[in-house]
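One chain, chain A, appears in both complexes that follow, with chain B as partner in the first and chain C in the second.
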Partner chain A sequence: MSGSTGSAGPTPAAARYVGQSVARLEDPRLLTGGGRYVANRTPPGTGHVAFARSTRARARITRLDVTAAAALDGVWAIWTAADLNGDVGSLRGSLVLPGGGGPPDHLLADGDVRFVGDPVAVIVAASPAAAADAVELIEIDYDDQAPVLDFETAAGRDDLVHPELGSNLSNSAEAWPPEVDEAMAGADTSVQAVITQNRQANAPMETRGLLAEWRAFDETLDVWISTQSPHETALAAARTLGLAVHQVRVHMGDVGGAFGQKVFLGREEFAVMVCARRLGRPVRWIEGRSENLTSSNHARRDRADVSLGATADGRFVAATIDHLEDNGAYSNGGSPGNGTMACVHLPGPYRIADVGWRTATVYTNTCGRGAYRGPWQIESVARELIVDMLARELDIDPLELRRRNVLRAGDLPHNTATGLTYDRISPSECLDQVAEMIDYDGYRASQRESRAAIGHAVAPNGGPPDAGTLPGIGLAVYVEPSAIGFGALATEGATVRVEPDGSVNVYAGTGSHGQSLETTMAQIVADALGVHPGDVRFHQGHGTPYGFGTGGSRSAVIAGGAARAASAGVRAKLLRIAAELMEASPDDLDLGGGAVSVRGTPARRMTVAQVAQAAYMRPDALPDDVSGGLEHTARFKAPPVTYSNAAHACTCEVDVATGAVRLLRYAVSEDCGVMINPMVVKGQIAGGVVQGIGGALLEEMAYDSDGNPLTTTLAEYLVPSAAEVPAIEYGHVVTPSDTPGGHKGTGEGGAIGSVPCVFNAVADALAPLSVRLTAGPLSPDRIRAAIVAASG
Partner chain B sequence: MKSPPFEYHRAGSAAEAAGLLGELGFDARILAGGQSLIPLMNLRLAAPAHLVDITHAPDLAGCGANGGGLHIGASARQRTVELRADTLAIAPVLADAISNAGQVPVRHQGTVVGSIAHADPSAEMPAAFKAQGGTVTAQGTGGGREIASEDFFEGYFTTALEEGELVTGVTVDAWPAGTGHGFLEFSVTAESWPIALSAVLIHSSGGAIDRASVVLGGVAEVPLRRPEAEAILVGAEPTVEAFEAAAEAAAADIEPLSDSFGSGAYRKKLARVLTRRALTAAAERAGGEA
Partner chain C sequence: MSTHDITVTINGATTSASVEARRSLADFLRHDLGLVGTHIGCEQGACGACTVLIGGRSVRSCIMFAVQADGAEIQTVESLAPGADMHPLQEAFRRHQGLQCGFCTPGMLLRSLELINDNPDLTAEEAREGISSNMCRCTGYQYIVDAVLDAAAEMRAEEG
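After this line comes the complex of A and B, so read on.
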């Protein structure tokens, strides 16, 4: 391997595959059942893990008896906190190291339980069924305590989720200059709202899971895991188990989704590794669906007290947000939450001179909070809802109000009141494009007609309206902080190796779990090396250069930058060697179609395979200053943030009698810079939009008043199916970023914009009934109740 | 999601199934399509020690017109029943109910009789069966008997079957020409459980309604017949006002429970809206046939 930075070759790589909707290289495997997940791997002698979990939200354990379970046929081990907790160090993720506050590191619940689902004991058995049978035989007696369930009152409670911390307040921050209040007071109009977001679950198709195998003969740990971050897995496993990183090999196969859930290791995953080391045999845990819904992580449980002040003609002058978030009991990776990140993005795509914000994060006796696709998106929900409320207050059309305030090309670079600097974004252009796509003006005209037509029919006898269908249209605009590259997140590495036969291997520190990196990274490398993407194979996990993994919409920019730099280094070397062998100047060579040729003399050519063969097998034929082999490792350091942006629009109709919402059209105009693969961009947008539709209309992890989860299977926790989702229409504005390739991240935006967009469409439909919607999900029951309440 | 241990038995005939049930006692359950029972076992909400599989018993597989009614054997698959011409001719409300249940792959596996015998009060097929009316044929080691659909459902997942009895089939009674049906359910998503449903039939020989059946699902511990609504309909012209009055009566004194899909009050509201809409659909169909 050579140096750490790559230089562009003598002739720049042409973008032949980047920008094309290259068919996904992973699809033949995934679509024919050839995907290989953790559950596909069962070495002989594997022990299967199940966890006995708390059935109480907050309680002392007064008796814990595993005798009967241990006696069950096929049970190999049952361990509790007393057995295992001493085996491990800190359970924090690498971004929240020990000393950063937060709850105690309890591998298993120790003396008390702090949410329903808190793991109390771990069982290793000969089969998953035997392990599940053993769970039922474990006897636990509890002394119940009053649980802290309501996050809005948690901070003031004397009952503590974590007695060690002395408070249910985890952390807080604020930046609320006095001039913000003055500006708000001086506004011609201001609107306020308390917006609460529903608790949601990431709900990946593949639940968490890992297979850990301790090899006593050389004291190494092999881990096959469903992850977004194989290197974080290795670092955390080593730190927690007291190993050197080189004692841990983390392997990843296909991953069936994560959406933020699988960056950091959970307590169960550490426990499985500990069991493997203790037993000296392969140990596997495949999380059940109910476990995933109730015990992995929750998200989005936020409250935002938001206000927006404007001049009489609708120019925004000030905005404030007082934000509160529920961190549950044990947050994913020990994260202190997303409050500051959310608040500083409140201004979004608009000019707002004065912005004040305050945020607090609290603990409750519920499943811990974790990252979920756009973890800070309450900023867009709060802002875009309050913008529509202001529009209704001022009687200005919501599109027009946005146009009066949205950042335009001439405003850039733009410093927000919260200290961000935006450049190379296009919110105004995306807003215009999406309005055109959805035929906004035409829709408004037909909406006026249909509202007039149903007029009296919806409100008979003075009672709540009981018939008819109301049409609505919603908008949402946002700026997405993609490829966040602060501190430890700033770099990714990649190694590109042309093998002696000319085939190409790429090794990256990513954790693609549906992002199509197998294809998009191959496109970047193929362009640099003049080969076909199908000649490039992409590898993740053990042996790859360190990287934070895939999350935070970072891979296109940061991992893409690393792949680009590494392949540029290989390209330069390949051309040097070819030039030597063909007695030409590197500057006179063309690289493409899998071959190097001398410009103007096409007969003088060598295939990439021939050059590679020489690079490895004929070292004496190489230039004196060129070492053998054909590979390069590079590390790319990204800017702190690469902003992308988008505008969403959708239309819906609401059945007044039942409160049912049907989405009719959904359009997205997105600017993610130069697209590596437009089909993949569409896929990212579609996936995010569908999740946001779920978040707006369907998904709610509900607890009863004792802290028992009510939505414990996908029969109760409702996610959208094809039947609930309209065809999504896509528009693109391309403003290249200032990173190599000009890409921007677009992994999370779909899930950020769609929640407020759907909310606004439903609120628009119900505007004639003076219905105000501030709490999700917009279930039929909740909408109908709001209609009835507004008519009273 | 692993079932507790159980022993599997395969019955080759109705008599053999009844014998096995008698022999194995209360801890045995009939396995037909398994679309309700197996998920409950995997969630460990049900833990029968024995399963008696009846899907290999030829005498339980039949389905078709039978003496003016529609006979459905205990192992007849939902999708088979749903698509049969005689179902559409004799019991279209049942065909509608089946088409709303689960997805097509589930209906290829699930059985109509299994759903009825499972007696989930929010399920489609029990409500449609009760709305149209018919009989359940039960067999035990001591012999067979018939139970009227009206008397079959006794509570949540509880029927008039006695220990050791299995349902060998049901017969849905035919209604005369001039009948229209309506079956409407409300679920939050296309794939999720119905949170309320209404199954109705009305008959007229031209002019006033002379026979009516209104059954609600998802609002009580059994598929719930609404005699007050039926009384309003019989003798009335099929008008919007009559349907609104009947729908109001249907929902008047029910007290549904709340869950994560909706409150009891919302279910009550749905019962009224769905019944109103189902009656409107039934009237259009009755008119077409009259």
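After this line comes the complex of A and C, so read on.
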């Protein structure tokens, strides 16, 4: 096995499977009940974990009595902060720099509880039922304190979420040159808005969970876990437990969704590993749905004070954003927020010469913030909403206003006012394509007619209208920073091995959790080695080269680059060996259909299996400078960022009496470069769009005034069902990236663009009523209240 | 905790067992019988991941007690492909990418089978409305709808 980056073989691999909608290799087991989810593994003697959690948002624990619970039949252990907290190292994720700040590392709540759901005690019992019963018998008395719940006023409060930190302000940053204010003041027109996003939950169908087993005489911790990052899990586990990384084996089966939630280990997952080590037996925790909704992580709770200035003919001249994000009590992974990332992307796909931004992150006594599909997405929400508001102010159609400002091919490469450099993107082409797909001009014409027909009916006698539906159309355009590559994120590794019988194994540091990597990585390797994707098996977890895992729309570009480099190395060696055995030049060989043949003489041919057999079993037949075996390991180092882009358009109708929104059509034009598998790309877009529709219309993690979560089941936290969403229509523009293969990431984009697109469609429908919408979700009651307020 | 003796027919085979009164049907299938294809997504009857068929009707096995299933005929995802070939519905889900992470899939398949059995000529709207009982966080649902319609057509052709 060589450690170098592979070079291309004498004859470059031809794309046969890359670009095809190859049926997914993971599907047969998932469709037949054979998925390898962590809850399906129950070794004999497994202990089952439950957590006793705080029922108060901010309080001092005055009494904690586990006596009755410990006496319960089947309870093996109950531990609190006093038992465990001194026994563990840092709980921070790999992306948090030493001295990077953040809240204290509390494995379990120690004296103070800081949100409803804060884990206070961990129970290990003979069955999940016994563990749940024990939770009920733990007695906790609290001295309640006034909770910090409103993130917009948290920074000024003397009540502190973390008294150790001396402030509720976690971190802040800004870049607001004085000329921005001058440019804004000089604009012919400017519009301002305060936009707040609703608190949301990732809500994967499979909750978090892990099985940990400490093998005392092997001094090894085996972990089966629902994760996006098996290597991050191993590193964090080793750091926390004081082990070497080679003492931790993280096994990865199937993962039932994550969307950012399962990148970093949570406190509960660390606690389970500590319990396993103390007890010396398998210990498993499968998170309950209410725990997942209230205690894993929340996201999207942002406020953006946004301004956009333009000339009288609608040329953007300046934009500003003053951004505030709610970090909750403990952010997932211990990392600070995404504020800077959000703010520097404010200009998005438009030419804006002057941009100022400021961001701050505050702690509150709520569930901590974590990554959720496009964590910086507030930039697109703020920008695309303010663009539509400016369009209405200037009485210029929103599509026309975007066309006057959108970056065109001739503008590239483009340096944004915030210091980004865009190239190889196509926002104007995507905007034009999506406008065509949705028949934008035709829709506007019919909308004018229907508005004229119901014009007087919607505002009888000046009171709020109480009948009829209003049609609306919305747009959103964005540039997505995919496959961000710095530090731990910059590289991924892969090993490709042709076994002695010609079958192929691929080992990667990824954490596929629905993204189809088992198929797409096999497509890349199959092309390089001239075999069928079905001849390639893909492996993750223990034994694979280090990688940060799957998230941040990174795997197609970075893991794909590693698989490509590793398989190129194997290809070169395979051709070299075949050339020696067939007494030909490697340059004269063709590789395809599972065989190597001499070009022009197809009868001179060896199967890949025959070459592989020789590589392992006939070392004397190999060239003198070629070692035996047929495998290669490579690492791919990604550029700092690979930009993809898209434009969304949707139509809706709003029932003015009830405030109900019905989405009619939804179209996406996306440029993710060269598609490995178009079917998979569409699936990623579809899933993201529907999550964004949920965020715009339905989903809100709500708290009462004492800090009690109100949406604790999936009957209250409203994930979209099939009945609430339309079919998605797809258009593609293909601008290859400058990475090997020309791919770009596309995992998050759908969820970034759909929130502002839906918002703009609803606002467009209600524009004749002068309704202004700046806070989600756009639930019927919120829309009806806005209609009533606007007519009052 | 009291225990009760029950007899059920699961995927065509009759089984007798003694279960705790509070044992859910989902836990009985998964832990006592090893039929782990039935997934548990919420244990609150909201998400539909644990859907099984009892007498051909979809049931949320997480909010039904095992004792309530005494005497019932139960069908789980494991019944769909008893041999080497997948069921036309499973093949259609694969062709149309009606799944990504796969966690909702067993419940979605059984609910879809019930819909097709009830109405082999179902429309896209009926399929969409019908599967709205089951949550999926990955696919956005359209490809599931496409798979259900395609499978229904194929199953009609096989019947015909």
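Just so we're on the same page, the second predicted complex is superposed on the first by the 788 of 792 C-alpha atoms of A that agree within 3 Å, B and C clash if a C-alpha of one lies under 4 Å from a C-alpha of the other, contacts with A are read in each partner's own complex, and residues count from 1 in each chain.
Here is the rule we go by: a contact is a pair of C-beta atoms (placed from the backbone, for glycine too) under 8 Å apart; a residue touches a chain by one contact, two chains touch by 3 or more.
Predicted model, so just to flag it, every value in this text is computed and none were measured.
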Who does A:129 touch here: chain B (first), chain C (second), both, or neither? both
Regarding the shared-chain residue A:711, is it in contact with chain B (first), chain C (second), both, or neither? first
Identify the partner contact of A:702: answer first if only chain B is touched, second if only chain C is, both if each is, neither if none is. first
Let me test your reading of the model: by the given contact rule, A:785 touches which partner, first (chain B), second (chain C), both or neither? first
After the superposition on A, what does A:721 contact: first (chain B), second (chain C), both or neither? both
Broader residue contact with chain A after superposition on the shared chain, chain B or chain C: C
Pick one for A:32: touches chain B only (first), chain C only (second), both, or neither. second
With both complexes overlaid on chain A, does A:288 touch chain B (first), chain C (second), both or neither? both
After lining up the shared chain so the two structures overlap, which partner does A:683 touch, if you call chain B first and chain C second: first, second, both or neither? second
Shared contact residues on chain A for chain B and chain C? 129, 288-290, 713, 715, 721, 723-724
Please name which positions on chain C make contact with chain A in the complex. 20, 22, 30-31, 35-47, 49, 76-78, 80-81, 86, 90, 93-95, 97, 99-106, 109, 128-129, 131-145
What does chain B use to touch chain A in their complex? 1-5, 43-44, 186, 188-193, 259-263, 266, 269-270, 273
Per the contact definition, I'd like the list of chain A residues that touch chain C in the complex. 23-24, 26-28, 30-35, 37, 39-40, 42, 129, 203-207, 254-257, 259, 286, 288-290, 513-516, 679-680, 682-683, 686-687, 689-691, 713-715, 719, 721-725, 727-728
Can you list the chain A residues touching chain B in their complex? 128-129, 132-133, 136, 288-290, 466, 657-660, 698, 700, 702, 710-711, 713, 715-716, 718, 720-721, 723-724, 779-781, 784-785
